[in-house]
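In what follows, structures are represented as structure tokens.
Two complexes follow with chain A in common, the first pairing it with chain B and the second with chain C.
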Partner chain A sequence: MKLAVASGKGGTGKSMIAANLAFTLSRTEPVSFVDCDVEEPNLHLFFPGQGTPRDVTVPVPVIDDSLCDRCGKCGDFCQYGAITVLPNRVLFFAELCHSCGGCTLVCPKKAIREEQKRIGTVSLSLPLPFLDLFTGTLDTGSPHAVPVIREAKKQAAAGDSIMIIDTAPGTSCPVVEALEGCDACILVTESTPFGLHDLQLAADVTARLGIPAGIVINRSDGNDEEILRFCTDHDLDVMMTIPFSREIAAIQSRGDLLCRARPEWQKDFMGLWVKCRALAGAGP
Partner chain B sequence: MKLCFTAQGATLESPTEDRFGRAPYFIIVESEDGSFDAIRNPYADGGGGVGPKAAQVLIANNVKALVSGQVGGNAKEVLAAAGIAMYTFRAGGTVKDALDQFTKNTLARSG
Partner chain C sequence: MIRLAVISGKGGTGKTMITAALAHLFCGSLVLADCDVDAANLELILSPTLIRTEPFMGMKTAVIDPALCVRCGECGEHCRFNAIEYLADTCQVKTLRCEGCAVCTYVCPASAVTMQPRQTGEIKYSETSRGHLVHARLVPGAGNSGLLVHAVKKTALERDGTCDRFIIDGPPGTGCPLISTISGVDAVLVVTEPSVSGLHDLRRVVAVCRQFRPRIFVAINRFDLDAFQAGEIEAWCRGEKIPLIGKIPFDPAVIQSVREGNPVTRDGTSPAAQAIQRLAANIEQELNRVGNQR
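Entry: the complex of A and B
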């Protein structure tokens, strides 16, 4: 079972929901917990521990000037503008390259080889007996999050544990990559107009990807009518509602987990898990 | 000598466009006789890396100087390497206005 936790809007409590769910589940079953918010991974704050980082690399072209006759085929082929062929030299912009390898294939002189370039890391730590935490981290200045996310998921999928994936906020490529192949998705929202607006976008993404989704309303002020109406209209189940509470905020801000500080919440998170399993079963 | 102006339309009366890589049109003027060609920029709505791609359009058309509002870093590198001079025109107005100023040599050179 692969379960993603996504949101649309940032700061709704994705990581909080994911961390408490992973913590609760890991008391009875092995869990691979994957931080796919690689531009700002934060699950290690809830689960401190020494990690073993492994480099994530992508291939980038290196052009041999002595073989290149500036025919321009590589530059014409590159859809990302990463290669410009001038009469006397070739310019390469590494940050525009998507590592597709096309330039090496179209070069008639075989003047292009590929070299591995580091763009980030995936770190494995074992903070609890049945919880393996995989943290993807994109290097500062590196523009492509997707390969780091793909590698983090790949490493986490090596075992047959339950996989819980914390995605980045938003609906862009990094989120789609994190959602790809998941059996179900929790969409976390909050009772604000922004929360609802971005929930609509996120729900559209999961629907297009064919991933069954359910809703968690976090920091509910009790006036959730508009979100509830949206969920009813789109056949989305509100699986859990967490109230706006100073106590919960305090637990969270000292880096603790709600389910550790207030174990009675574990029952609620087990209930959430049961609903997620049902969602996955109902999927295509 | 061929000059290129970034424009919102296909004529000398069209308003200039401040952006280079995403300019809808490149108006290429022959400075000898004032004749011009309008090239629709195929990268105006492109996903990414449009700067270097658009610069290649200018290279392919043998342009020697570019007049635009703002040229991004990657495009600038390509244009400089190709020996294309860059001039800034951000006053607003038509391609004709920009051409007049270029001819009077009142535009600042940006690269």
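Entry: the complex of A and C
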């Protein structure tokens, strides 16, 4: 079972829901917990522990000036504008390169080889007996999150334990990469116009990917009518509602977990897990 | 023109709410851009009147002609994005995975693959009471959000480059949409929240910003929800010599104003509105210094 936690809008409490679910489940069964919000990974803050980081690299071209005759074919072919061929030298802009390998293929002089360049890390730590935490971290300044997400999921998929994936906010490629192959998805929202607007977008993404989704309303102040109406209209189950409370906010902000500080919440998160399993079973 | 981007690293810290309030409070002529193109929310507060919409064409996407495909598998062999799917009698491109590199067109022996333009969003140009707003909608699941951010900024600068201020509501994160947002701006305001996650994400996004050399300012939203963590952020900013120019209290008036579709500063009496008025005054003062330096 692979379960993703996504949201559209940032800061709705994705990591909080994912962390409490992983914490609760890991008391009885092994859990692979994957932080795919590689631009701003936060799960390790709630599960301190020594991690072993491994570099994530992507191939980038290296041009051998002694073989290159500046014919310009690589620059013409590169769809990303990452190579500019001048009369006397070739300029390469690594941050624009998508590592497609096209330039090495088209070079008639075989003057381009590829070299691995680090763009981030995936770190494995074992903060609890049944919890393996895989943290993908994009190096600051590196633009391409997707290869780091792909590698984090790949490393976590080695066992056959339950996998819980925390995704980035938004609806674009990093979210799609994290969601691919998941059996079900929790969409976390809040009862504001921003929360509703972005929930609609996120639900559109899960629908396009054919992943069954259920809703968690976080920090509810009781004014949830519009979210509830949207969920009814789109046949989305509201699996859990967590009220706004300064106490819960304070537990979160200091890096603690609701289910650790207030163990009575564990049964609510077990209930959420049961609903997620049912959701996955109902999928295509 | 002074260009200011409001960003956060961590999502949901209050970027959009603060951007809308700053637009409401700033003097002089403004042009606004919503560069959180995945989930654009500024329009929910600024109630813009749409002037025109233009299609956004992202990278071209490979398309395989099944009549020509000989199913040799060369395209899939060379595709680094796992975007080729093998069907019974042809190969097919998984459009969401295709990054438009065109390697498949080069290696196909049957010339069955072509690169086709594909609309992956739209750019909207609107009127608000505080100036023009350029916003966008990315097709959910589409890539190229960094390119779309670039196109949104370019539209704003081309059409309204003579305004006094260019205010950008940025995306969360540190990846390509964020980098595209902050390139070329004079200053960034990083909105954070008092939590271990808020500080962690602030540090990372500041590390990215420093590679682009804008002036950096920090504001803490909902600072009173955790006085200790707010203190940690203050201490970190002091150590890094980053001006902390605003502290906004938790205030139900904020959610109320978002629900009503108004900047929180419209009724300027709530504690949050008053704190943002002070923040705006501090930014004005700092931005004028940016202006004098250039």
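Please note the rule applied: the second predicted complex is superposed on the first by the 284 of 284 C-alpha atoms of A that agree within 3 Å, B and C clash if a C-alpha of one lies under 4 Å from a C-alpha of the other, contacts with A are read in each partner's own complex, and residues count from 1 in each chain.
Criterion: contacts are C-beta pairs under 8 Å (C-beta built on N, C-alpha and C of every residue); 3 or more make two chains touch, one makes a residue touch a chain.
Note that this is a predicted model, so its numbers are computed, not measured.
In the superposed model, A:P263 makes contact with neither chain B nor chain C.
Judged by the touch definition given at the top, the superposed model places A:G75 against chain B, while chain C stays out of reach. Of the two partners chain B and chain C, more residues of chain A are touched by C. Residue contacts after overlaying the shared chain place A:P48 against neither chain B nor chain C. Within the superposed three-chain model, A:T84 lies in touch with chain B and out of touch with chain C [touch as defined at top].
When the shared chain is aligned, no partner comes close enough to touch A:G271: not chain B, not chain C. Comparing which residues of chain A touch chain B with which touch chain C, the overlap comprises 79-80. Looking at the complex, you find that chain A touches chain C at residues 7-12, 15, 37-40, 42, 45, 77, 79-80, 95, 98-102, 105-106, 138, 140-145, 168-176, 192-194, 197-198, 201-202, 204-205, 208-209, 221, 223, 246, 249-250, 252-255.
Residue ranges of chain A in contact with chain B, taken from their complex: 75, 78-82, 84, 86, 89, 91, 93, 96.
Put simply, chain B touches chain A in their complex at residues 43, 47-53, 55-56, 59, 74, 77-78, 81-82.
Contacts from chain C toward chain A in the complex involve residues 8-13, 16, 36-39, 41, 44, 59-60, 78, 80-81, 96, 99-103, 106-107, 138, 140-146, 171-179, 193-198, 200-201, 204-205, 207-208, 211, 225-226, 228-229, 252, 255, 258-259, 261.
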